[in-house]
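Below, each structure is written out as structure tokens.
In what comes next, chain A is part of two complexes: it sits with chain B in the first one and with chain C in the second one.
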Partner chain A sequence: MSGTSTVPTAAARRRRLGPVALYVPALVLVALVSVFPIAYALRLSVYRTRALRTVEFVGWDNFVTVLGPDGWADIARTFVYVLASLVLAVPLGLALAVLLNKQVRFLRVFRVVILLPWVVSQTVAALLWKWLLNGQYGPLHSLFGGDGPLSSPWGSMASLIVVNVWLSYPLATILCLAALQTVPAEQVEASRVDGCTPRQSFFLVVVPAIRSTLLILVIMLTLLYFNMVTLVYTLTGGGPFSGTQVLSLNAFLQSFQFFKIGIGAAYSVVLFALNIVFGVAYIRVLKGKNDG
Partner chain B sequence: MTIRLDRRRLLMLGAATIAAAGTGSLAGCGSDDGSGDGVADLQLWTFLDPTGTDPRGKALQEIVDGFNASQSAARVTVTSINFAKIDGEVIRAANTGGGPDIVNIYLPQLAQHVEGGSIQPIDDFAKDWLAKTGSDYLFPIDSAKIDGELMALPWESRVWLLWYRKDLLDKYGVTPPTTLDEAVAAGAAIRKASGNKVTGFAIGLSEQSLGADFMEKFDPLTAGYGGTIIGPDGSASFASDAGVQAMTMIKSFGDAGAFGREVLTMGADEVVNGVKAGTVAMAIAGSFRVAATRSADGVGANLVTTPVPGVTAGSRLPTAVAGQTLAMGANTEHPEQVWAFIQYYLSVESQAKFAGAGVLPVLRSVYDQPAVAQASNAAELLEWRDYLAADGKVSVYPADYSELSTNLVKAAQKMVFDGAAIPAGLTEVQNQYNQNRK
Partner chain C sequence: MADTLTGPSAGTRAKGAAGSVPLAASGGPVRRATRHTGHQGRLRRAGIYLGLLAASGFAILPLLWGLSTSFKPESTVLATPVRWIPEHFTLENYEAVLFHSQIPLNLLNSVIVSVVTVVVTLIIAVPAAYSAARYRFRGKAGLLFFILMTSMVPGIAVLVPLYYLAVQLDIYDTYLVMIIIYSAWQVPTIVWILRGFFESIPVEIEEAGRVDGMSAAGAFLRLVLPLAKPGLGAAAIITFVYVWNDYLIASTFVSDPDLRLISVGLYTYLTQYGTVWGQLTAAVMVTLLPMIIAFVVFERRLVSGLSAGASKG
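And then the complex of A and B:
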């Protein structure tokens, strides 16, 4: 046996721990801004609160409220809002990205115009559309007639979805455009030489090539829509007839308008669970397709 | 010069940076002597915007400038926050150890602030001042007491009046109503004659802004029929005969066609904007909004206000007593200076400035001041004062008033437009509220 020791030297230990130490600040930061608030919300959700203070442990009582008959209606409306927005925003973003990927005259002008809604804040967008859709003097009122779309629960939900899509399709367009520009033109040309129609080239060559980006886009938009408060609060306030009352709005109202922060936290926990479920489901779908 | 950064120095630098950042952020909370000249920097959070077009904002700026110039111990800085958000912002900030030194609170939200721990009692500061000035208060000061402690001082009174656009009534050949039934008929006639382009009589039934516009009608109507929203024991009592009559009256405006489903998208702001735009002919709205509304294009003297007519000819509907107050932030480090500012804000001179902006002063003696007595709106201010004195009704505003008003307006939507039974709708909200109190 040689005289070399199996005990790591101080220098070797430092070398091994060095990279770990570099992670620590980032981990501490993530713990502070993500893990701690989530843990705090979980704790609040099982307490009865008075203003912003915990009063007594109530176990699942807050969740019974959240998942009661009214709560399930909120969840159903949330799904309608999120899914309908996704179904409209993603194809619209992709279609516009395909158009912007073409070499046409005034391309820069088109890009600016198409991406313009992205720079508008949710509050400004809500106020703008509220005016456009006003049942008495809104410029778009003549399209709908009657008392305006915001006066009925379904019209209100439809308006909310349209405004949401109007606000978020530029994000979809940007991401899709970036992905489309990475697809080698040779692949598309080869598929055309092999006899594909333009449509087949797009769906069989281009879309699979940008699938990862599309998935990330869907995850991002899903999280964005599930957690959206400002737009809903400003455009409809959840009404009329609670027709646009979604989970995120209720979490906000309970927490910061009614100061029932325990119930608000329970709403947030349910939202968090839905975000996790959808995120994991999307990733599994992508992983499955890649494996296949 | 070259500085070598070895691991130890790097760690020390990091630690020092974190410590400095922590110290800085802590120092950023609440008031301080940030100027370093011994002058206390006081933060005033209010819904008024000194840079906006509302005359009250301009009056506020004059008062703050006057206070800052009048002494050297404190300097007040105004932070303007939307009225629908200010209460939440203040309570959240106070619970993290910060928040304003002085906060403007609308009386119905006062209990919520007390429960949220965002303000502190001012009895000790106000004792001597009230002994001298208290009898001059037109506003019932007890309404600013919670559990026997004075939590704020009202600086503004407000009454709710019948607003009508004279030009619109003339255009459609309608005379100003003298009873509620006449208001229903007049509103319906205007809406019909305008082809539904003009809401004859608007009552905002939107869930936004916590259903405030609806409550500002439901509360005095209920009082007009002899009932109350909250009973003396703190429990909800609006599902009474009086409450049912009040709700039936509101529904009758819709049934007659004085308003349509457009009111489902209207809160107090939208109703007032409708009056400005000429798409609302009549409404019940607050005295505090009159000056700003008249300053809009084409409004001016076309906006006429009068006490709200009652059920029978010659009678008047009670008006809720509410108003804006100033309170002392829970975490202020300069209570003496805060109190000095509150006193300045309530001085006769400051009150006169607000009166010029259409605000109804809270002190009787202010109405005798030349600045008020000779003002162009003097006659109107006196009429409002007399309405407040004769028909003012003090309401109870519990800590969970916001939730109650939101639930009530949701129920009202169903009762007015969806055919829900009125007693049952009110009873459901009342029972839910009383159950949650237990």
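And then the complex of A and C:
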């Protein structure tokens, strides 16, 4: 920009390359830890493996296994898990953001308590809920009867979704709260003057105003849910009867429990492909917002 | 002022203290109160508090049950009928966890790895974020896109290759390998968040510094960085919580019990003979305490940091 001479001096060159050089450490790090390994995983996914070694090239064979009947069951469960969690977590997060955006007593206390699960790890959430839902000694056992919700495939999936929602709605609330505070109060008041009911002004004025935040939120949560391993592993381990076996968990189990590295890699690649789809959508939304 | 008046008066109304209503309603020029006077407004207020209370209950229920169990002697943990308030209150679980287990060591490991990761992440992310916020050059969009895309690589997908790499480079079973991986996975997010913060600082501040004879680096270090403190704080907390809470990396890249992080340490209470719930819940509470304190102290900053990362394009 400021370079005036046509012959680049050392100083001018430094000025031009300086901004790029600032990226170098970040680039090297992510290339080493994310890009190179994912390339390696792509390679592993088309090989038969023994221990950590590739044995022979098998082409699509691993993917045939992953996308076979069992794999489709995993994928179907993954979508049930992701969609049900989204349908519950996003409206819940938004509703709580609306409530926390009002002038109420003890607002700060409510906010801290309601957002508290945000700092709880997947491990701890899984352990605490496992204990809460314990079929014999948990405080809720009379509510469910029998051996508790974690003993049946559907009960397990339902529990898993509830715990996941518990763990992730605070993020939704935080982002929605921040977005709600950018909606001008005059706009809402104007709509009320024009005869909207509170509900109408919420859905016709507020929701459209925070639409891009909601979209980003949905994509962020989708990525988080698709890749979730620890929560599922600790709460249900995929059981009972594979009732909660999702793609991400199977990628982990195949690689580290059954040591079928090639199959595990194929699962990971399918997961990665799904991530790319949602990742590109995420960046589109961000860009669209910038232009608009 | 008007709003702070509305809150308490409406609050007491919702709780049924009807005596104060006429006073508060007539006492000030309160917009909201005049709109929601009467029966409907009161119902509305009650609904808001009911919603907030229900959500608080949902949020805190598993934590309270864990807390309750952690104060029970092991012999009464598995007793029926279930008691929320321990019959015999004891600290023996905490004593076992704090003085006769690996948990303190695990905590120390977690602190070391988290803090170093935060420092490394910031040192690497700050220059990139600053460059992204201030300079334009050809290919910048592509470069940013590339860095952001790497956060779409699922951790689970690169676990095996990274394991292989760590063994080859002879850094398996070290703090170093965890710190490298955690930093690499946090850098994209943190670049994104910090970029938003740097963009919100007026460029005139640096220009003034340059006019006064500072170098570009000097202006950045002495003028911009102090102003970006809230952003750096938010980034540090987000990274810290991430490392503190991770299980996948910690369990895959370390097998030496002396290097275990806290999230992995908790699993020692899940034995093949059953779970030692009393001590496990005590250990969980010990793990949660620093996070909860950090959260209460930095809650505002955290909220602004998270939302900056999500909305600044």
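Observations, loosely collected:
The rule is simple: the second predicted complex is superposed on the first by the 246 of 292 C-alpha atoms of A that agree within 3 Å, B and C clash if a C-alpha of one lies under 4 Å from a C-alpha of the other, contacts with A are read in each partner's own complex, and residues count from 1 in each chain.
Criterion: a residue touches a chain if its C-beta (ideal position, glycine included) is under 8 Å from a C-beta of that chain, and two chains touch if they have at least 3 such contacts.
What you are looking at is a predicted structure, and each value in this text was computed from that prediction instead of being measured.
Looking at the shared chain after the overlay, A:Phe256 reaches both chain B and chain C.
In the superposition on chain A, contact is made by A:Arg111 with chain C only, not with chain B. When both complexes are overlaid on chain A, the residue A:Val87 reaches neither chain B nor chain C.
Shared-chain residue A:Leu175: touches chain C; no touch with chain B.
In the superposition on chain A, A:Leu204 makes contact with neither chain B nor chain C.
More chain A residues lie in contact with C than with the other chain of the pair chain B and chain C. Look at A:Asp147: by the touch rule set out above, it reaches chain B but stays clear of chain C. In the superposition on chain A, A:Ala125 makes contact with chain C only, while chain B stays out of contact range.
Contacts of A:Tyr137 after superposition on the shared chain: both chain B and chain C are touched. The intersection of chain A residues touching chain B with those touching chain C, taken from the two complexes, comprises 25, 52, 136-137, 256. Taken in their complex, chain A has these residues touching chain B: 25, 50-53, 130, 134-137, 146-148, 150-152, 233, 236-242, 253, 256-260.
Interface of chain A with chain C (complex): residues 1, 16, 18-20, 22-23, 25-27, 29-30, 32-38, 40-41, 44, 52, 95-96, 99-100, 102-107, 110-125, 127-129, 131-132, 136-139, 141, 166, 170-171, 174-175, 177-179, 212-213, 216-217, 220, 223, 226-227, 229-230, 234, 248, 251-252, 255-256, 261, 264-265, 268-269, 271-272, 275-276, 278-279, 283, 286-287, 289-290. Touching chain A in their complex are the following residues of chain B: 14, 88, 91-92, 95, 112, 115-117, 197-199, 205-210, 260-262, 264-265, 267, 274, 277, 279, 399-400, 402-403, 406, 410, 413-414, 418.
Within the complex formed with chain A, the residues of chain C that make contact are 3-4, 6-8, 10-11, 32, 48-49, 51-52, 55-56, 58-63, 65-66, 69, 77-80, 82, 84, 123-125, 127-128, 130-131, 134-137, 140, 143, 145-165, 167, 180-181, 183-185, 187-188, 191, 216, 241, 244-248, 252, 263, 266-267, 277, 280-281, 284, 287-288, 291-292, 294-296, 299, 302-304, 306-307, 310-311, 313.
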